[in-house]
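Each of the next two complexes has subunit A plus one other chain: subunit B in the first, subunit C in the second.
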Partner chain A sequence: MSVASPNPALALQSKRWNGLRHLLEREGPFCKGDFSPSPDNLEFLQTKCKVLVIGAGGLGCELLKDLALVGFGDLHVIDMDTIELSNLNRQFLFRRSDIGASKAECAARFINGRVPTCRVTPHFKRIQDFDETFYSQFHLIVCGLDSIVARRWINGMLLSMLRYEDGSIDVSSIVPMIDGGTEGFKGNARVILPGFTACIECTLDLFPPQVNYPLCTIANTPRLPEHCIEYVKLIQWDKESPFNSVPLDGDDPQHIGWIYERSLERASEFNITGITYRLVQGVIKHIIPAVASTNAVIAAACALEVFKLATSCYDSMANYLNFNDLDGIYTYTYEAEKSETCLACSNTPQLLPIEDPNTTTLEDVIKLLCESAKYQLKSPALTTVTKEGKQKTLYLGTVKSIEQATRKNLTQSLGELGLEDGQQLTVTDITSPTAITLQLKYQANEVEMI
Partner chain B sequence: MSSPAPKLWGEHGQMLLESANICLANVTAVGCETAKGLVLPGIGGFTVADGSTVKEEDLGNNFFLDASYIGKSKALACMQLLQELNPDVNGDYVDESVDYILANRSNFFDNFDLVIASNLNEQTLISLSNRLWESNVPLLYCRSLGMLGTIRLQIKEHCIVEAHPDNRQFDLRLEHPFETLREHLESTEVTSKVPWLLVLYKYLKVWQKQQDGDQKAPKNYKEKLALKELIEKEMKADEENHEEAIKAVNTAFGAGRVSSDLKAIFNDDACEQLNKKSNPFWIMAKALKHFVTEENNGYVPLPGVLPDMTANTESYIALQHVYRQQALHDADQVYHKCQDYLKQLSLPVDSIDERSVRLLCREAAGLAVIRGTRIADEYEKSCRLQPLVEDNELQGTLTAYNFALRAYERFLCECGNIPGECTVEQDIGRLKSIASKMLNDLGMHATISNDVLHEICRFGGAELHAVSAFIGGCAAQEVIKIITKQYKPIDNTFIYNAVTTESVTLKL
Partner chain C sequence: MIRLFSLKQQMKEGEQKGSGGQQKKASAAQLRIQKDISELNLPKTCVTEFPDADDLLNFKLIISPDEGFYKDGRFVFNFRVGSNYPHEPPKVKCATLVYHPNIDLEGNVCLNILREDWNPVLTINSIVYGLQFLFLEPNPEDPLNKEAADVLQSNRRQFEYNVKKAMRGGYVGETYFECCMPK
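The block that comes next holds the complex of A and B.
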């Protein structure tokens, strides 16, 4: 099933790899114990090792370049986005003439042209468009994503691919995941061996839930320029329906211009200063300021870990790198710990503690699943199996007819819904490709026992 | 080009970047990756200097060369492929080596805002760094070898106004309110709708009365707890501003004083003794010093920046107005003092504008000056390496790798080949004797382990692209910091080991 690089024999003899060969064909005092120096290592990278890069944005462009130039010959890249003008200052594989085209396809074409020893296969798709059979063909997966949900989904996919034998993991079912993220001058890179080391869900509290301004502040007591912009975006746009009632498009300069003008008016009404066009753009598009240099550093750190894992030349990083260069250059590597109670990788149903089933409503449970740092779900759907062995949908918000039918359950207590201590809830959410199981644990019982 | 980057260094930083001209001396992967990180955000111009031609082995690790350039000028090739990234940037090249330029037209480098060099031999490195030190052009020297990378910044003096600290403390002056603030605080009724600052002030007054002495603000945990309890006792249900006031007790006090860094700037000769050639930074610093010591009881100018606080619009904006007015007033005083100094020095009064002074006043608490050292000084007996190496112990540290890379550069000059290029074993011994001699010459009795030297020879001169990309990304950001005069650059040597994913910064 593996696709050979254009001309492997030629590529392997090429003088271009003289330097890389020293690293792969000589032994050294710091090499990993089971490293065997040999020309086979380069041959493996060039012809056999298959790596998937997820995302062809700021990190993805760097990753493809870095991997191609450390000897990888068979790369795949997935990205559902098209190229915008604002990408060009860091997504260096794209030019003005590429605006509107697929990121994955453009990036692949550029790398294939510049580095003839590498074949990149593009997928202009969403990660959710592929299943286990696709993901399991890769030796390694690297993520350069700006979305936490997508990271969690891939993490869940790789965990679902694990095969257990007598409770222990069949190591051949492991596909390591290397994940990078950046924000301004800060970034991180991590190595995840699914089932063995901390996964994305184990350390979910590293991503703080997004701060939203309270609606009453925006509507009644604005103080910051951001409050005024949010007001225009959330309230005035729908009320005044400009541009023939089209939905707000953050990439349309006319729309941003409209918001800018209205925000200025609102700000001056409240004597608030500091509205700029750029601020409006930032608030509307939720721009996380990205800089080319941080992307370069973090992608390089990820590529080095892919290289180490693929060649066994050095031990991989254990397992989390923090980087920032606001004040000098600072790096810190530490071992993020695997959580024994992780919903995703513990391989056992986790307990959901409920104080009192008679006062806790289903809505309270859903709110907890969304707001607690441990879960951070987006729009969970809940089902359970009744005593009679019937599948029962408690709530599902994404399909209109089912939402209407199950809405009444939201205000009922767990007791009223007939849910008992120890009963299992099956939860599905966009953050994971597979369902998670939670077991209700009523605290009231313990109180009585004391 | 529409770009979110100016959010991080502002339009004024972007303007400095767009008018900067840099030189890339010696074409390597790490050099090109650094240049890429500058061409993308829109540096004004870059000139590539390299005397060699493109060979097949260069293609393996450098993204800015391709097969169509084989046999052609390397400087031309990488200039063209880098310029492709951003049509707004001016690219230029000279197909001459650093050695040739230094020998025949050494003033070539004098007009650049900064020179990036990489992977040189010892002789060329020392000549280039001496030349640039004399002409006061900053040099960023990068190394990338196998799994190792370093960055050395050589700069005489670097003054930073906007350091952009990660956790900025708000300077509120509650314990020493300026006149208009005191009036505002004392004439405003504390309700559940006003910003927490007014709540905190009210209870701070109560707390102050309870103290025996003349203490203005709680210092330790116990005192802070007492103040928190005072607020909590009087708080009614869901008074958000009272809750915020309790939280603010820990961080609201103590700002506005002169830090040790700022004190050092005030006492610096450059600040004490202004002359016609003084950098505007030092003229402003002296005016700032005058304001702090003579006019403001030892407090820096008020930054005038408030955090967001739950409150109704009117009371928040009114409070913000009080702070902003005072900040403008303070900055005005400093500006007038600047004008006095400019007149005394017979310099045009418009050589320092109000905007710059306001910015300097807002950032006064975080001003920083870096005074660098010459690379050549690292080879002198009085070098800073000695005190850094405790008990002459170099084993197992990143410092050892940095030193070994210097020995590698001497090896290139003395032996005429690359360590480990053909044979590893033999070169380990030769590299070891060079390293030992270098340490000896510095009066140090430390040794470098065979393992470190073996590892360096094992690389055989290979530049691994991903290590170059890591170092190049870091180096590009350091250049942006120096050109925009924002954020603190390294002082002065960054060492990275990709085997262990460790790094350290040394002041050499």
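The block that comes next holds the complex of A and C.
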């Protein structure tokens, strides 16, 4: 196979896309109402549509393969990890000689070499290294992540990219997020339209809680090998501070070795058997064995949703698919509801007009929030995030030490506090189940602009 | 459902419109902790202290029980709220050395909602009440400090005496406890 440079025109005529043409160039009884069959749909997918894949691990490899073979021409992939030996059984874009190299870069190189119609751009970075300008260039974002923190971060980013006009969302500012997740034989796939459908925070309680054993059981009445390992990790490590009191590093074989030996001692004290080196590793790093077939199923479901959204041919799945193949196969799809009190997605920034930032004090703003018929707050707490991304408490009256530290802000003008036109204030109050986001709008500026 | 890309198809190509607002937004954990803190409703025996008013994620809770074994003591807890709050509970450690069945000498606290029974609907307030309850009703059934628990179970008077001795500053067994009773 020659690795020709991508040639979309050629690709479009290729017989290879006949299957997709049937879907995209013909009407069908199940098509979306506003779907217009046309060769443009395929062309959009191959030449214009820009998709970001987050994570190039178990799900990421599957996703990149699926999307590239479906015909997507412009993919980006972010992953901060490097390849380890234990990845190779399922992360099939990597070879033994790739161990230690960047997952994103290796995955991109592999796909680019193998699928001439697709160009993958790798980013060997953390998702937090990019800002809004990066994420807003994509039509769609697919996540194959293994952490809830990362999901919440990207969810927050996509929500912050929403633009509002007269209180309703500007549809063009929506970047849909398709999120896949697997844990052993269980998996889920979901479609999130930020601001419209349930977001990660709306359904935060759906994530399985981390397995935590009661501390007193661990300390006094251990029954399981896991209890012994947790004891060594939580209590003995800090007490005996081996290795010059460095924090425990689950990737350091010496650390795991130390924990293994201490766990064995403790286990024999309580007549518990079953401590193995692998179990220690698993408990310390919260490893759940990854199952290649679960990844394949979930990635395929996600890729299908990407395809449907990109071409508008069929309605998206609504909106949460559960999958379990531990014992037979079980799937169930239901519509997770957007929470009206979600702190992250149910607060449309509300404009707060300010006549003159140099004469309006913070106290004036608080008074306004308490007295206006619209807000009627009781004792609002106000914070903001500075241009540098630092959290700043403007005023919080319910905690004495913070009240004392922030009282001086009350008499300062918004200008003196360094608040700028367009800056957002986060307001919480006992009267409101959600946080309220206020966007400052300085009238003086507007006059200048006209 | 809304049709996303009919509008978008044209958009993205020439788009450098990122004017969505270069607004820095507070993270979800940050929003939630602000909500928790501004709604704190502390019993009169509890006070919070924030060393840095801009940092709502790290603070101290000081409990001064007004009844029970620990009356007149003053106990400091350090709270560290992580970026995964409220999916994960805050990390809470007792900074005062205390003779207590459910708090060990390293400051680890055995409170169910801090570990196995944590749930995202719980708040900082729930933890405060949980901790305060530990001082009113030390629970010898779930011991972290086994010696203290054994004494509480076998000889309440002795336990009471040990607690007072530890709080005034002194040895209980081989452990020396600093005085934690403000005048």
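The definition used in the following text is that the second predicted complex is superposed on the first by the 304 of 450 C-alpha atoms of A that agree within 3 Å, B and C clash if a C-alpha of one lies under 4 Å from a C-alpha of the other, contacts with A are read in each partner's own complex, and residues count from 1 in each chain.
Simple rule for what comes next: a residue touches a chain if its C-beta (ideal position, glycine included) is under 8 Å from a C-beta of that chain, and two chains touch if they have at least 3 such contacts.
The shown structure was predicted, so the numbers you read here are calculated from the model rather than taken from an experiment.
With the two complexes superposed on chain A, say which partner A:Ala101 touches: subunit B (first), subunit C (second), both, or neither.
Neither partner.
For A:Ile148, using the defined touch cut-off, is the partner it touches subunit B, subunit C, both, or neither? Pick first, second, both or neither.
Only subunit C; A:Ile148 stays clear of subunit B.
Determine, under the contact definition given at the top, whether A:Leu417 touches first (subunit B), second (subunit C), both, or neither.
Neither subunit B nor subunit C is touched by A:Leu417.
Tell me the contact category for A:Ser14 with respect to subunit B and subunit C: first, second, both or neither.
first
Classify the contacts of A:Cys370 with the two partner chains as first (subunit B alone), second (subunit C alone), both, or neither.
It touches nothing on subunit B or subunit C.
Which holds for A:Gly389: it touches subunit B only (first), subunit C only (second), both, or neither?
The second partner, subunit C, only.
Tell me which partner A:Leu248 touches in the superposition: subunit B (first), subunit C (second), both or neither.
Touch partners of A:Leu248: none, neither subunit B nor subunit C.
Could you list which residues of subunit A make contact with subunit B in one structure and with subunit C in the other?
Residues 217, 220, 315 of subunit A touch both subunit B and subunit C.
In the complex of these two chains, what residues of subunit A are touching subunit C?
Per the stated touch rule, the residues are 32, 34, 44, 48, 50, 132-133, 136-137, 139, 148-149, 152-153, 155-156, 159-163, 171-174, 176, 193, 196, 201, 204-205, 207, 209-210, 212-217, 219-220, 234-235, 238-239, 309-310, 312, 315-316, 343-344, 379-381, 383, 385-387, 389-393, 396, 398-402, 405-406, 422-424, 426, 428-430, 435, 439.
Once bound in the complex, which stretches of subunit B touch subunit A?
Spelled out, the residues of subunit B in touch with subunit A are 1-8, 29, 33, 36-37, 40-42, 55-63, 66-67, 84-87, 146-147, 151, 163-166, 308-313, 316-317, 321, 420, 424, 450-451, 454-455, 458-467, 469-470, 472-474, 476-478, 480, 487-491, 494, 496, 498-503, 505.
Please give the residue numbers of subunit A that touch subunit B in the complex, ascending.
14-20, 22-23, 26-30, 62, 65-66, 69-70, 85-86, 88-90, 92, 95-96, 114-116, 184-185, 217, 220-224, 270-272, 278, 281-282, 287, 289-297, 299-301, 303-304, 307, 314-315, 317, 321, 324-331, 333
Give every residue of subunit C touching subunit A within the complex, in rising order.
Per the stated touch rule, the residues are 1-9, 11-13, 15, 18-32, 34-35, 37-40, 47-50, 53-56, 83-84, 86-88, 102, 104, 106, 108-110, 112, 114-116, 118-121, 142-144, 146.
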